[in-house]
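These notes are about the structure you will find just below.
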Amino acid sequence: MIPPIAEIGLVRESIEISPNLWDISIEAPRLASVTRAGQFAHVRVSAGFDPFLRRPLSIGPIAGDVLRLIFHIRGEGTRLLAAKRSGDTIDLIGPLGHPINVPKGHNPIIFLTGGIGVVPLQILDDQMPKERERVFILGVRSAFTIPLSLSEAMQRNILWASDDGSLGYHGNTVQLLKNVVDGLSADKKPLVIACGPAGMLRGMKKFCIERNIPSLVSLEVPMGCGVGACQSCAVPRSDGKGYYLVCKDGPVFDCLDILLETASLP
Amino acid sequence: MIPPIAEIGLVRESIEISPNLWDISIEAPRLASVTRAGQFAHVRVSAGFDPFLRRPLSIGPIAGDVLRLIFHIRGEGTRLLAAKRSGDTIDLIGPLGHPINVPKGHNPIIFLTGGIGVVPLQILDDQMPKERERVFILGVRSAFTIPLSLSEAMQRNILWASDDGSLGYHGNTVQLLKNVVDGLSADKKPLVIACGPAGMLRGMKKFCIERNIPSLVSLEVPMGCGVGACQSCAVPRSDGKGYYLVCKDGPVFDCLDILLETASLP
Amino acid sequence: MTTDFNVAMSGLNFRTPLLTGSGTFGYGDEFLSLIDYAPFGGIVTKSLSVRPRPGNPPPRICETPGGGVINSIGLANPGVEAFLAEKAGILPVKETKVFLSIFGETVEEFVTVMSRLETLEGISGYELNLSCPNVKQGGISIGGDSSAIAETVRECRNITDKFIAVKLTPHHTQVAPLAEAAAKNGASALTMINTLVGMMIDVETRMPLLGTVTGGYSGLPLKPVALAKVWQASKAVDIPIWASGGIVNGLDCIEFLLAGATGLQLGSVLFADPYSPGRILEEMDDYCRRHGVKSVEELIGALEKP
Amino acid sequence: MTTDFNVAMSGLNFRTPLLTGSGTFGYGDEFLSLIDYAPFGGIVTKSLSVRPRPGNPPPRICETPGGGVINSIGLANPGVEAFLAEKAGILPVKETKVFLSIFGETVEEFVTVMSRLETLEGISGYELNLSCPNVKQGGISIGGDSSAIAETVRECRNITDKFIAVKLTPHHTQVAPLAEAAAKNGASALTMINTLVGMMIDVETRMPLLGTVTGGYSGLPLKPVALAKVWQASKAVDIPIWASGGIVNGLDCIEFLLAGATGLQLGSVLFADPYSPGRILEEMDDYCRRHGVKSVEELIGALEKP
């Protein structure tokens, strides 16, 4: 694993892609060249100390020297970040966490994403060898709140699920996953990689255990240091041996390794 | 004394009359109609609570419905106030403190002011019967940092003192006061009313005691409530009986009543 | 407003949970021309002692970054006799419930002051200040010792049937022994908390910003500490808790109710925004409507388990 | 930079007064790729206990308005044996002085951990954590009792000649008895202060923001409390004081030096700004130049009388 580096990125562009959903392109050549799918940056949101902590954000699609952060405005930190404009700088620490290691011998790889959870998996989609079979599921509230640009959405072969039925499958992503899995021929050995709201992850885990399908999840929990020093980002291990640290041991875990059922996820 | 009232004033104009010295005109008809010379307003500087406290500011010259606050930027509170623009509102409590009561039988009344200390005495100058003899001394650092507009300066018959000699008397206001007093005929019974930096007030008190001249001072101390409820604004009494409250008993005191020598003044 | 703000506490009914913090509202008259007292369930007056106390050398108040205030008033008050002679008449007993705060350096002083105050009409009760950080003796030192608390409360309870709130400092490692000492000996409520001990320095002059160097730290930074102490105290005893520390808006009040408070004291906020009582009730009402809460009593101690 | 940052303390020379706060810098290796360790006079590692501690149920960290942080890590650590086997090799003893923080529920546990750690090379000393708010036993309760402090420090002093800092909680009414208990029994320094107990609630979900409901409150709001405790402790004892609480910039450091601190711990600030050690030295240097201060030692305890 590459040790974390510090980089002051330069904002190139900042777009509100749908209400309260922002996509910032940042020139950060060192980070852009070493980051791999699944890793995140710890982002300073204020020059002062209120809010005090950095915000962890997945590193989104990378093009040349430019990486993207795509995020929902949730509170003060993301609000400040959304106020950054072209020419502003952003203090980044990264790449943090382990890259997603897609185990061999599975096919198709099913990306199960909900809302903003699409971000870390876009970069995996880009970096995974073209020949690997994949299914990209993305769940949204409605056709009006999609977490990527139209051209990106077209580029990827996305199976949509929407709560209100306005885009693709009418229902939640776990139901759509079930349909997808049911439609696979018996010789397929699917693997699910999921990122999204806690409810989706729990539903997915239950389904995958029932069907004996291996699955990985990318987790979001509050963080202090982001580099494994403070133990703020604990998730309970399923073997009863205490906790994993999301920033150091994750953010992507095999579902069977963690107690997703009882983990407190924001 | 009129009990304090609450009024949301409307900023009419905000001018930086010299570097970091601001003069804000505020439409506040109720306050403008009842305020008398020497009283102050307790001014909310932030809609939130950081900085937490209001700032006490003398109510400056009043014209019709409009009163003025004239202040130096010292810290965060006055900085926020200086950022107010025409059309903004200001939450004011006032008029606070006792009006200056100019005792009968004295002449001339000598206004001894230093820098921003001119503010409460301008309104006294305006409200005092025209026929009363007065001398208006104003000390400044230099001709470039005068705390009133040129037209106002011309209007009043000001004796200037400046530290650098660029305006009027070259020296401090207490030296000029001495010259003024020395030039008075023996039948005069002067009274000094002073407002300005602590050093000036202490020098004035010493001189006035030597010459047996009565003197009043307007004091500035940190305040909490501004209305006599919290006891934050204490100044030591010279009779040893504890403290006076600047907001309730002042802000103007007879020099002999307070221990100006040891009082902690910002 | 549609929410029912009535709260019952130890035999008294309060029209709202809002109270004032002792020392921030004088003897209750200074704000009469400025604000309506109807939003208050009651007010708590500046602490009174046996003898007059001139208070501490100034400066007595400063601010900290992040919305804090530090004061070192030093319990300046005219003493109980001068109070009875000059100030008792101004108490706003018609406008709202009045609780008189008492401070003593010894148990006897608490008792002496209270027995003199018992002669007054229209008073709803007392708050015992066992927690002032700005005096050398009494207060915070009595307030850190459960047997001294027990004795003080017991002796005071002996001479009055009125409401007695006992105000504690956050400077203790375990709240339970202190809270129990008060509750078992007749306290009607606990006030959690008095100020923390704090200090600021002007690095340019190398001088402390307060005449006494340290003072009592209140305002926004106190809220998380007060919440923790309210919650711990409400687990330890059954008597109602009055919350004090950093309340500036309606959602702060909701937090304190959920943590187990029944009374909510507005302290420093009254300096910045004396109109806050009305605003805060509206903000609470708004929350209650959004969450289908009919009466604020439903919220008391209704914290969900993590 | 022209200022002399060297400070001598109880026989050790530190190239700067800057230290890390235990628990915010792990065992000292995590930041190696990010920052230069030269600005540190020393680092203090995460508290170690006899047995491994998994730590508290998450969530373990949240923020408060006004620049506060609350954590409920619960002293998660691998235990002294696993530390010796797996982590001791990573201690940055080449880069800076290393002080190992120790936590125990009893005096014996402190002694056990320290005697095992005494086998390590290159360690400059220890910090005894007598003040963790996030565990039920030990820590804050030992730390509130001067005889327990005296015994713990004495027993530890019996088995080591190295530097021993003793870290105290702000949750006490009088610092002097606690500080003296440590100083008289062999402490080389006092660390003032550990976190306050704090709490936050999400009013929408009615849930506390931490899995353990309450946690340790650090960051900007802690500074005035830490300053007061540093000042009080420096009056009470002659041993050096390590300041901990809300330091984020060079002027904060100047304040703590004036109040009587010799060491300056950077805690939560390292999360927001791991590069702060270098920046802070520059800011201190700037102040010292403006004020004609040649060596930071001139500033220690140089508070002017009000």
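Which chain is which? They are A, B, C and D, in the order written, and residues in each are numbered from 1.
Heads up, the rule we're going with is that contacts are C-beta pairs under 8 Å (C-beta built on N, C-alpha and C of every residue); 3 or more make two chains touch, one makes a residue touch a chain.
If you're wondering where the values come from, they're calculated on a predicted model, not measured in any experiment.
Separating the centre of chain A from that of chain B, both taken as means of CA atoms, is a distance of 61 Å.
Centroid to centroid, with C-alpha atoms defining each point, chain C and chain D lie 33 Å apart.
The mean-CA centres of chain B and chain C are about 36 angstrom from one another, to the nearest whole unit.
Taken residue by residue, chain D touches two or more other chains at 57, 59, 65-68, 211, 220, 306, whereas all remaining positions touch fewer.
Among all residues of chain B, those that touch two or more other chains are 50, 264. A linear topology is adopted by the chain contact network, the touching chains following one after another without closure. By the definition of touch given earlier, these chain pairs are in contact: A-D, B-C, C-D.
On the chain D side of its complex with chain C, the touching residues are 57, 59, 64-68, 70, 140-141, 143-144, 169-174, 196-201, 203, 205-208, 210-214, 217, 220-221, 223-225, 227-229, 231-232, 251, 254-255, 258-259, 287, 302-304, 306. If you check the complex, the residues on chain A that touch chain D are 3-6, 44, 48-54, 93, 221-236, 241-243, 263-264, 266. Taken in their complex, chain D has these residues touching chain A: 23-26, 30-35, 46, 52, 54-55, 57-63, 65-69, 71, 73, 76, 211, 219-220, 248, 268-275.
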